[in-house]
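Naming follows writing order (A, B, C and D), and every chain is counted from residue 1.
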Amino acid sequence: MLLAYIISGLVIMGFMLLRFFAPARRADYLNSLAIAQSAIFLILSIASLIYIPQPSFFFSRYLMIDQLAVYGALISCGIFLLASFYARGYVRRLVELHDIEVRELRLFYAAYNLLLIVVVFAFYCNNLALFWILLELTTILSAVLIVTLNAKENIVAALKYVFTASTAMLFSIIGLIILFALTKQATGVGTLNWDVLMQQAASMSPRLFTFAFVFIFIGFAAKAGIVPFHTWLPQAHAKAPSVISVLLSAVLLNIGIFGVLRLYAVAHQTAAWHDVSLILIGFGVLTIAVAALSMLPRGNVKKLVAFSSIEHMGFLLVGIGLGTPLALFWVLFHILAHALVKTLLFFSAGILHQQYHSNQFEDMKDVFTLQPLAAWGLIVGSMAIIGVPIFPVFLSKLNILTELADYSLPVLFIILLCFLIVAAAFAVILIRTIPQTGEIKHEPYRVSVSMKLPIMFLFAGIVILGVYFPGGLHNMLVGIVNSLGF
Amino acid sequence: MINLPVLDDITKILFVLVLATAALIITIRTLTSLLNIYSIQSWVIAAVAFVLYLKNGSIVLLLLAILTIASKAFLVPFVMRRIQKSMHIKRDLEFRYLTPIGSILVGTAMIFLVYWSFSQFLPELSSETMFFPGAVIGVSLALMGMMVIFTRKQMITKILGYLTMENGVLLFSLFVAELSFIIELLIILDLVMLIVLATVLAFGIDTSIDEFHDKLNSFTLWFKE
Amino acid sequence: MMMNLLFVCGLCVFFGLALAQIVFVTKASAVVRRFSLWAMLLASILFLAFSLNIVLHNSTFSLNLYELTNDLRFSFLVDRLAAYFMLIISLVSGVACLYSLGYIEHNGTNTGKNFLVAMMSLFIISMLLIVASDNTFSFLFFWEIMSLTSFFMVLFEREKPDTRKSALFYFVMTQMSTVFLMFGFIAIHHATGSFDIGSVTGVSPFFKGAVFLSLFIGFGIKAGIMPFHKWLPYAHSASPSNISALMSGVMIKVAIYGLVRYLVFVLTPDRWWGVMVLIFGTFSAVLGVIYALKEHDIKKLLAYHSIENIGIIVIGIGLYLIFQSYGFTDLATLALIAALFHSLNHALFKSLLFLTTGSVINATGTRNIEKMGGLIKVMPYTGILFLIGAVSIAALPPFNGFVSELMIFQAFLQSFVIGNPFLKIILFLGLSLFALTSALAAACFVKAFGLIFLAAPRSEEARKAKEVSTSMIAAPAILAIGCLLLGVFSFQLFSSQGYTLPIPNLMVIGLVLIITLALVWLFMRLVGNKNSRKSETWGCGIISQNSKMEYTASGFSEPILTIFRPIYRTRKKSERNFNDAGKSIFKDGTAEIQTFKLFEERIYIPVANFVQKLSNIISNLHDVDLDTYILYSFIAVVILILAVGWLI
Amino acid sequence: MSFIIYALLNTAFVMLISPLFVSLIKKVKAYTQGRQGPPLLQTYYMLLKLLKKERVYSDNTSLIMRITPYINIVCVLVASLCVPVVYIPAQIAGFGSIILFLYLLVFAKFFMALAGLDAGSTFGGMGSSREMTVSAVIEPVIIIVFAALGLLLKTTNLYDMFTTSLNSSLFINPSTLLISLSLFIILIVETARIPVDNPETHLELTMIHEAMILEYSGSDLAMMEMSHAVKQTILMAVFINILIPWGLTSAPNALTVSISAVTFIIKGMVLAVAVGFFESMFAKSRLFRLPNLFMLAFFFSFSTILFELLK
């Protein structure tokens, strides 16, 4: 199965790299390849969900397909597919504006496709060390994607990203090694395979496990944008082209969270899980608070959204830390909801940026007349992301908070206040921006269908998901929660 | 399998050397000599690996030693020299947050701190005598590398700091070892790619966008038009 | 079965319309709008029938509409209390729809109007469903929808900057109320283990107190209880008048419903709750009317009166809690009925006032009563209707406002049965403040009606004003009739529902009034001199009297402002310039009266500033270079290593 | 049926004697100023004269101006039913509820104030503004006084109050003194007398009540004056029936009724004389001094309550 992934991936890479085959509209040609790949991967993931017995292992148990992995892969492939469609119009425009040079296109799309492959395999990892490696690879690739744009700030942003993320990641190697030694001590032979860890967790010394966990957590936290290792995130998201911001926010952050989730699943088997929960919830609350407060004075739409991603990652961390089956169920749902809404927000922001060549809110005049779709995308997205009803975030928010009440009421109250601030931040921006009218009239930039369609789709998607809970999804999530041993 | 106490002493001496190099990296201002110091450090690490191999002859360690020398003592410094040449930067003068002296003091503090903290756990983890000191030295080396990153101004120096952190981690891992070799290999490759990228980016900061993109493509050769 | 049909039909109509309007938001024409408004009117009538049936027969109705997941259900249970509030909502909503038929066409773009209609129908249905909900999940769900839709409606005239300010203020406050409600509900869930609305038992008094406080604040914000009221004047004055009528007449009642439901039926109240509620209510009432007196923006004035009336309702609830805790069931019932009945009455006359005000504003194009005057001659029907509203809200017999306030007076006056002297003194003080409130309300509406409708017009617009269209007269007329009937037949109404309350039989008294009137009139016809002539107002020898010499609104309320200076912190400024050094010949000068916005300047703005500062500090930490980022991580790592070594 | 009889009797009697008290007070004040003053029947003549005269309306006025006199007189007369002077009838339809009584008077006041604004003259506006201010500030006092009475007599209904005070003479009760003071102040305020208002003046800025009815003339004015007189009488009646209820009866027959009527006239005249002297002892005080006076009344009645609680 996984071979199928690799082969198809490589074939398409091949098509991309064929030097002699260089059609006139290279952008569209490469883009079609990207679409093709994400489509194929989506299909493959669905297929592996249906036809592959879960869990099943590959490549001497380095890789594994279980429901959690497939869930992650499905979300990522879906987002990638939408992004690829969006990219068709978006990148064409970028080329017109010389924001990106034609000669960079191959690099761009190659990195794009590689990223997809790496992401999918990161989800399919069974071995934590391998997972670590792929995680580091995603950093490299996304950094490349960020710097393909013609701007110095992008390089700065990328450097910050690379350094902050990978310095933290080094610590998680230390953690992994300790974990390895721990298993070795527990059962003669050391291993970092997740399934084995799950089985042997009980026999490890809880103190040492926590010790290891803390170190591993540092790295994953950095990738998931957890305060205080989140510092790279806002700039990277803001500077990257919106397509890439989508991937960074809706896909890459999830990988970090999935890593934490798997680790926590192991921790839950040991006696150490109370301490671990404490750590996670502590970091979660800190993250939410810092993100919420930093959102208030933001005038840059993409930065605002980026901070809200940080805040949501913190919230997910809290949810994981609670460690009750219900909480985890809703955490998984929240990941999906967050991915969809964030995609919508960044797509709209992308359109607005191409209209006004700026992410600053005060530059956006006459939004409703120029870009009604994007404007509504922004409004609906904000409403959805602050978690008001008929949008899915509300459900997961309410339920995770309900679980939190059993853990601690004061914490619950603090988080609620932070959410209030977040809501205020979004409201301030939108209400000040959306109605403002300008004297100098821009000519409306005609948004291509390939950019409109994904947005339409997302509108429908989030509304439906907000009021209708598919039974299949329900069973799947329940299955995942069980397979994680809760 | 030779088991002589002398080996442990050698290891200790090597540790001291490692720390010395780290201290130098923190303080020295000239880029070229920084690079040299770094490759020396890598040699030392390799030596530690080799000594450990002599001690409990697991082949992985030997391979690691070779790999380290290959990548860290030759490849990476080579790349960086090239870049640095084209960047026309000779020395890195300013310091932030900490003066060299200050950072060395903090570094020492780090060592004690890590020692205290780890002494709560690690002794019970491995029977290997040198494991605990190795771990302490490794982690503190990593922390010192981090200090280099945030005290020095030049990108090149920062990258060296990062490499130092890596060395620290490597040192740490030597004593637990036996991550399956493939993993070790991948990790190292991964890091090398990272360094290359970082170096190119660093180059991009100090030159025009076009030169940067040329360089970028030249490092990802097959993308060139 | 029948009831199900009614309920579901109503739902479908509202949702269907909302959906249709949103989908065709740019295309739909005035005809479509008119059609949907008629349909909404119809649906409200359905709900009216539905709720009336339940209220009169004291039956209950339950419906499990739809399950999202196994524990998140949209299920409804309508008992008498809920049905009573549904009655209020559907009644006022229906009238508002009728009014909108004429009103909505006056301003705004086509798209805007369609959107407004869509939001309106969502708003109405969400309020109905909040009241009907039988679990906190759907309560919260529809509560949020209500807040959102009303927020969008406040933002209707979005091009005006102060509208945006109000909308922002409103949004933040509603979110705050949601925060507190969520906390309360989740805490209840924590205690009971389910989202269902059932009585919470066996919890520590501390926990119960915390839940009570958070719910009280949550609902208090929405209801506009002082000091959480500040959004209310802004939002109500910013939104279109039909919406203000809905918000002020109905939305804040939904909060009252929540208060009653959770305080009385879910949590078992302690005594101090009653005292606290009473005190808050009293202060809202007094301060509400006192602030209303200084307003010259007619809609803000009405908004402050909403605060006052909410205060009165809350007083009733507080008295209920106190009497209940002492076991005086009859008095408790009296107080609770007073509160509930006043909710209905306030819904009627306040919507009446807002709707007529809307007509006036449409006719004159201003909200400042200084610029009005003499309107009763050009728009007589609106004038009479407004007068009826004013008389009802000033609690004059035999209108409905009088009855509910009389009940509360009775409850107060009979509170001497309570033993605790401390409580007794509080109650008597409350009584006197309450009396002050109603007297000031009368004064305020003399000012409002007198300056809007009487004397000579004080501006061109007022002179040129025209009477409004039929639907904009018919709708308030219904409410006016309601006000009168509910007043006159109150005694019969309650006795028919089996409550014999110590209230005068206003039917008889009304009869006596009419007979006396007839006799007097007859007498005057027979004895008095019938003929009359016109002349100009006697101006103490002024050549000709013009409208500049009339008493202005600020002049009218000046004595009260002066007497209550400590509350207003009134600052009077006046500078004069003189022609000569001896300061005897006055040249020109300026004078102004400023009132100190106590809550805004002492509570809201400081808090906002604090948060602003904090967030600035935090977010400035992010705008730095790589070194500092790495420093952060470094410190974090070191701390972690320490913590691990130390704690674990 | 019996109630109708009561209503006719009471109303007729009140209407009959009210003008008498008005002119009596005038007379007393005149004497204290060394003048001879008008004859006791002066007010009756004036009313008759006014009835004969035509009405003059300003061009600005609306129907409010025209209906107000009717509303006024009607409200006051119905209010007078709450205060039995000839005899105390049986309860019916909640007549005698304090709140009803007070709010009927407020009703009259409300429309009088509107009428003051209607003509658009400066005096009228000023009058209504001040009237509403004063009535607003006095309202808590009134309520507290009646609350105190309620506490004293354990009832909130005027009929029952009078009955109880009739049966148990309150005069010896220490609290009663305080209550009577407050009641007297209320009487002064509500009947627009010095130091609150100055009924004599017509053009000075001191006036309140007179300013509102400044625009009235002819039969309308007659109605206004009449209602004012009746209002004064019933307020005096409340004072009298609670403090010195002797002679008032709750068992009506020809004899008792006539006795109570006669005694009431006597008591009323005494009180009127007292009011007259009181008025001539004081000067009109500034409007913004009034709250102090009211606070005095408030203090008295509140301390009554405290007394009751301490007992």
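Worth a mention:
The criterion applied here is as follows: contacts are C-beta pairs under 8 Å (C-beta built on N, C-alpha and C of every residue); 3 or more make two chains touch, one makes a residue touch a chain.
All figures in this text were calculated on a predicted structure; none of them were measured in a lab.
Touching chain B and chain C at once are the following chains: A. Just count the C-beta contacts per chain pair and the biggest one is C-D. Think of the whole protein's Cα atoms as having one middle point; the chain whose own Cα middle lies nearest to it is C. Taking each chain's centre as the average of its CA atoms, chain A and chain C sit 44 Å apart. Our note on geometry: chain A versus chain D, Cα centroid distance of 80 Å, whole angstroms. Inter-chain spacing, taken between the CA centroids of chain A and chain B, is 31 Å.
Rounded to whole angstrom, the centroid-to-centroid distance between chain C and chain D, based on C-alpha atoms, equals 36 Å. Shown for chain B are the residues that touch two or more other chains, namely 121, 139, 146, 149, 158. Multi-chain contact residues, meaning those touching two or more other chains, occur in chain A at positions 156, 159, 163, 167, 171, 207, 211.
Across the whole structure, chains are in contact as follows: A-B, A-C, B-C, C-D. Chain contact summary for the complex, chain D toward chain C: residues 7, 51-60, 62-64, 70, 73-75, 77-78, 81, 92-95, 97-100, 103-104, 106-107, 109-110, 113-114, 117-126, 128-130, 132-133, 135-144, 146-147, 150-151, 154, 156, 203, 214-215, 218-219, 222-223, 287-288, 291, 298, 302, 305-306, 309.
Only residues 96-97, 110, 113-114, 116-121, 139, 143, 146-147, 149-151, 153, 158 of chain B touch chain C when the two sit together in their complex. On chain C, the positions that touch chain D within their shared complex are 373-374, 376-377, 383, 391, 394-397, 402, 405-406, 409-410, 412-414, 416, 421, 424-425, 428, 431-436, 438-440, 442-443, 445-447, 449-451, 453-456, 491, 502-505, 508-509, 512-513, 516-517, 520-521, 524, 527-529, 531-540, 545, 547, 549-551, 555-560, 562-563.
The touching residues of chain A, when paired with chain B in their complex, are 17, 19, 101-104, 106-107, 110, 127, 129-130, 132-133, 136-137, 139-140, 143-144, 147, 150-152, 155-156, 158-159, 162-163, 166-167, 170-171, 173-174, 177-178, 180-182, 184-185, 190, 192, 205, 207-208, 211. Contact residues on chain B toward chain A in their complex (touch as defined above): 121, 124-126, 138-139, 142, 146, 149, 155, 158, 162, 165-166, 168-169, 172-173, 176, 178-179, 183, 186-187, 190-191, 193-194, 197-198, 201-202, 204-205, 209, 212-213, 216-217, 220, 222-225.
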